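See the structures that follow.
Common to both upcoming complexes is chain A, partnered first by chain B, then by chain C.
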Partner chain A sequence: MDEDNKITDETPKKQVIETEVPLGPVHSAAIEPYRVRLFVEDEIVKDAEITVGVNHRGIERIMEGLPVEKANSLTEKICGICSNIHIWNSVLVAEKALEIDVPERAQYIRIIMAELERLHSHLLYLAHGNEVLGHETFSMRLFYIRETVMELLRMIGGNRVQYGVPIIGGIRPRAELDQMKIQKIEDGINFLEEKLSNFAERFISDPMIMSRITGVGVIKKEDALRLAVSGPTLRATGVAVDLRRDMKEYDPFDFDVITQDDGDIKSNLLMRVLENFESIKIIRQAINHLPEGSITNRSWEMQDTPITKNYVEAPRGKLYHSYALNDGRVRHCIIRTPSITNIGAMEYACIGCHITDAQLAVVQCDPCFTCTDRAIQIIQL
Partner chain B sequence: MSLKSYSRARAVHVMLVYTGGCNGCDIEIVNCVLSPKFDIEQYKIFLTWNPREADVLVVTGPVTRHNKEPLKAIYEAIPEPKAVIAAGACALMGGVYKNIHGDIPSEEICGPVDEVIPVDAKVPGCAVRPEDVLAGAVAALPLLLDAE
Partner chain C sequence: MTVVDSLIALIAVIGTLIVAFVVSVWLPGIERKFVQARIQQRIGPPISSPGLMAPIKFFFKQIINPNSPMPGLYNSLPIIGIIITILLLIIVMPQLYFLAAFASVVALVGLLKVEEILYMFMGSLSKSVLSIRMPFPDLVKGAKHTDVPRSFVEELSSMRAFRLIAFGSFPIYIAIFVPVAMAGSIFLNDIVAYQQLHGPVLFTLGGILGAIVFFVGFMILLNEYPFAILKTKADVIEGPLLEYASKYRAYVYISRGLLIFVLSSIFATLFLGLPPSILSWTILINIVVALAFTIIMAIVSAFSPIFTYKQFYPVVAGVSILGVLAIIASFL
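What follows is the complex of A and B.
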């Protein structure tokens, strides 16, 4: 640990505030169990504390010792919302370690899956955000739009939640796209674009919603950088960081990195609305220029590898996987999901809010505590 | 149909408890309530988050150690008559999280759900399909309606 991050006696102690409002672990605004303790003074939140760990399943421990193919399919079960990015990243780590080339057609289909998943994650975020806001009409509308994406995902992967499309060296033969499926994807994203533009127009021009969410739950740019926030939550504060720019898989595609300025709930919601259009743009490019050829590279051999790591841009931020392989089995495995770094931002965004906005301030950071609950905390006694 | 069951059939409240799965089942269940495509509310089944208001408890996930006691407490808090639906592979048999290493059970998992609380209807699938959730909810209804 370097000197700057060390917790010393000079670290300011948290102010003792008497009134505490606990939310959770089972609470209406959050589907997942987590606990927020709000320390309030006159209905204004002065401090917040988020506790996770209720749904710890020890998935990394389960993965250690399994054959790498089996461990890869298990990474999908970390999260039911961003399952594809988990399996994709673990496959990428294995491919990086074993130096496997992937056919270009398989890369394109993986991108289509990843972007469809980003669409469904962002639409779920928007629907959930609107539900917490209290605007159920928008929420139901977004669930209706999202159903198109779910149908496309089911068509390609064969399941609505766990698709299992990438395998080491390519993609599963089930996910091969023929002309009929490509046509369906095209129709789907055209429908989606039209409905999303309608939604965006209505959402932005609704004075009631805008006045409700502007300037609430602000995360300042400097604080976002200090708290190591990642993903769309960081971009909503004005930092143009997108790991998709650094991934070689995304090189053939033309897309913009969306940023917003304010870091409040309005920026976060608009951020996701606008990112959806970028995802649609990428999918359209991918299906228009889908290369011909095989979808799997079977000519690779298992070997022992040192610890290999990889970062990708998950729908919620930066996702890290690392593997060390020995004898065809996973001997070391570390996964770090975006929400664990965003917890700091969630606590920070609550401070200064009215108590009714606190749950919204947490939800604006797109938490996924299912992903997060693999970490253990080592307390030095 | 007695007056009691007639009125009960008009307002069945479902409570969803998440006990440590991957979130996939939960999203699908919420989806089947909120999404206009499935719309479980047309059968007069509503989602609630208050156990004292609920009639049907939908449990997903393999019941992690931390969730065991809260799940029992929630089950106790629901007034009679009540029905429990276990949804998803994890809730039915522990899913991928239990017994992954042959016969060595995982210390973190106390599931499946029927070892913790009695289960009336089981919905299979990983993740459950919204159609199956609808069928499971409808299958559990006679328990509520025919009760004294």
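What follows is the complex of A and C.
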């Protein structure tokens, strides 16, 4: 045994917990199957444990041995909310490994899709957050606003859920943007901007909501770093980390990395509201400066490659894909979704909350357990 | 009282009950379709669905016996709730004012208290499948706190019902005593007679404050948002009502609609001096009050998040202080 881990007399004894309240995996406040065990004393959560794995499919294992194009399209099935970012990252791995240059127009359209997806994910987050908060009206309004984004995604990608457009070397031909589509995107984001501004104004000025979410479910900056939190949840604690800053695809665009200071539910909700405006800003720049030219580079050859990895900033945080190519087929595939690194923060955020706030504390970290479940590997104990 | 008078009184009581029932089945529909759905920019359910068609549907569903130590008692609690609600309505009917102590605010308070206690019993007598140990690695290597006693979500809501009995019902009881303070009597007969002589209590300073306090108490008693901590979707889901299925769920729905009408009628009796009776046109005022309460409640609910104790305690304390001020103002 390591010297540091040795149990001594000074080691604190196991905490005495009064009652366990298990919520899930089927629960009205959870839109996905997960189980949270809340250990409570007088309705105050003293400890929490989250269990996932209900929706396990082993997509990494299924991808092994598939032709890379098929494997890429399979990654789209990992998540029903951020399907595009999965296929994009998987395609980026192949492009990086095979050193394929992507036409600039295709890059811009990929960015438009990624930011529309971020808008849709953040709006879903806000709507679900308000639903758990018990504010049905805001929840319904946000779903109504989000509908515009869904229609834009359907228009470009041809579907409301599986709308991923990237293929190796560019984008699918049906995702090409003509003038009419560009006009619709512009109208859509103008509408969104107006409605989001109205929502943000009313949300911030509602004293009842602020009373519910201020200072609740706090994740301190140092704890967030210790727990390896990623994405908007990390930025809500004050850490200005956004992988989009490191992605060359985002170099032509001007946007701010939004941060909040408190790390509580309010900070997390406001974080997403403000990030939506940045996404709108990026989309506006992309459609205003959309380059002319081809959308696909077909001049590349398949070859064997070593394990290549790539990170992108998914709506929920850092998304990792890696695989090797052998005879045109995927080998050694590993996918890590942002939620798996945020689970520790979700458990941590519950501690000290009233039970009613506990689900909200989990939701503030924007969990997507289904995509986490689908990609994880089961290790036999 | 002659036989004819008794017969007329009996017809009046039965007729008023029928009117109350007919109106009450539409109130949940008005609340959800005309108000909340409109505010939330959605189509909403058909107006007859929540209060009328849903109970009818549930009457024909298969009966599922809940996991309860006393299923018979558990299933009978919604029926007891309906009986108490009907008794509350009968108390405020002018035909029964001759019953003296029975037709007084003390009886009202007592029955309302029983109504609250029912939730506590419901919660403690049910064990939903949602809290039963699932085939998960709760007890395997790596799980935290493996030997902790487990609480069912209904037990949690039962505890909350107990707390609400202790503090949540303060506003409505304080508000009920505003007309008592003005009329100088606990008997409903005297309170109505006082208002016929001096005008409605509602049109005085104490009455206005009392009406506000009564309305907050009304929402707490109905467990409506933002005071729905007893059945919070985020944790206990439907709390004590979670395991009611088939006809028992239908009774729960009927009971809620009826309680909205009955509490509105209590308000009309105490603050307007207009008790519900089918023999008088003033029954229309009772219906209007019920509609107004339903609409205002729906608007407040639509624009509020759910309260935890952190918000609940100050609101109840503040409203109770307002109620005390209303009583003081009624003495002036």
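Keep this in mind: the second predicted complex is superposed on the first by the 357 of 381 C-alpha atoms of A that agree within 3 Å, B and C clash if a C-alpha of one lies under 4 Å from a C-alpha of the other, contacts with A are read in each partner's own complex, and residues count from 1 in each chain.
As a convention for this text, a residue touches a chain if its C-beta (ideal position, glycine included) is under 8 Å from a C-beta of that chain, and two chains touch if they have at least 3 such contacts.
Keep in mind the model is a prediction, meaning the values are calculated, not measured.
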item: First, second, both or neither for A:Glu32, with chain B first and chain C second; value: first
item: First, second, both or neither for A:Met140, with chain B first and chain C second; value: both
item: Chain B versus chain C as contact partner of A:Thr370, first or second or both or neither; value: first
item: First, second, both or neither for A:Arg212, with chain B first and chain C second; value: second
item: Touching partner for A:Leu74 - first (chain B), second (chain C), both, neither; value: first
item: Partner chain in contact with A:Asn310 - chain B first, chain C second, else both or neither; value: neither
item: First, second, both or neither for A:Arg160, with chain B first and chain C second; value: first
item: Common interface positions of chain A, toward chain B and toward chain C; value: 25-28, 131, 136, 140, 144
item: Contact footprint of chain B on chain A as seen in their complex; value: 25-28, 31-33, 53-59, 62, 65-66, 74, 76-81, 83, 124, 127, 131, 136, 139-140, 143-144, 146-147, 150, 159-162, 368, 370, 373
item: Chain A contact footprint on chain C (complex, rising order); value: 36, 39-42, 130-131, 133-134, 136-138, 140-145, 148-151, 153, 156, 159, 225-226, 228-229, 232-235, 237, 302-311
item: In the complex, chain A residues that touch chain C; value: 14-15, 17-23, 25-29, 35, 37, 39-40, 43, 47, 49, 51, 130-137, 140-141, 144, 208-209, 211-212, 354-360, 381
item: Complex interface listing, chain B residues touching chain A; value: 16-28, 30-31, 34-37, 49, 61-62, 64, 66-67, 70, 74, 95-97, 100-101, 106-109, 126-127, 129
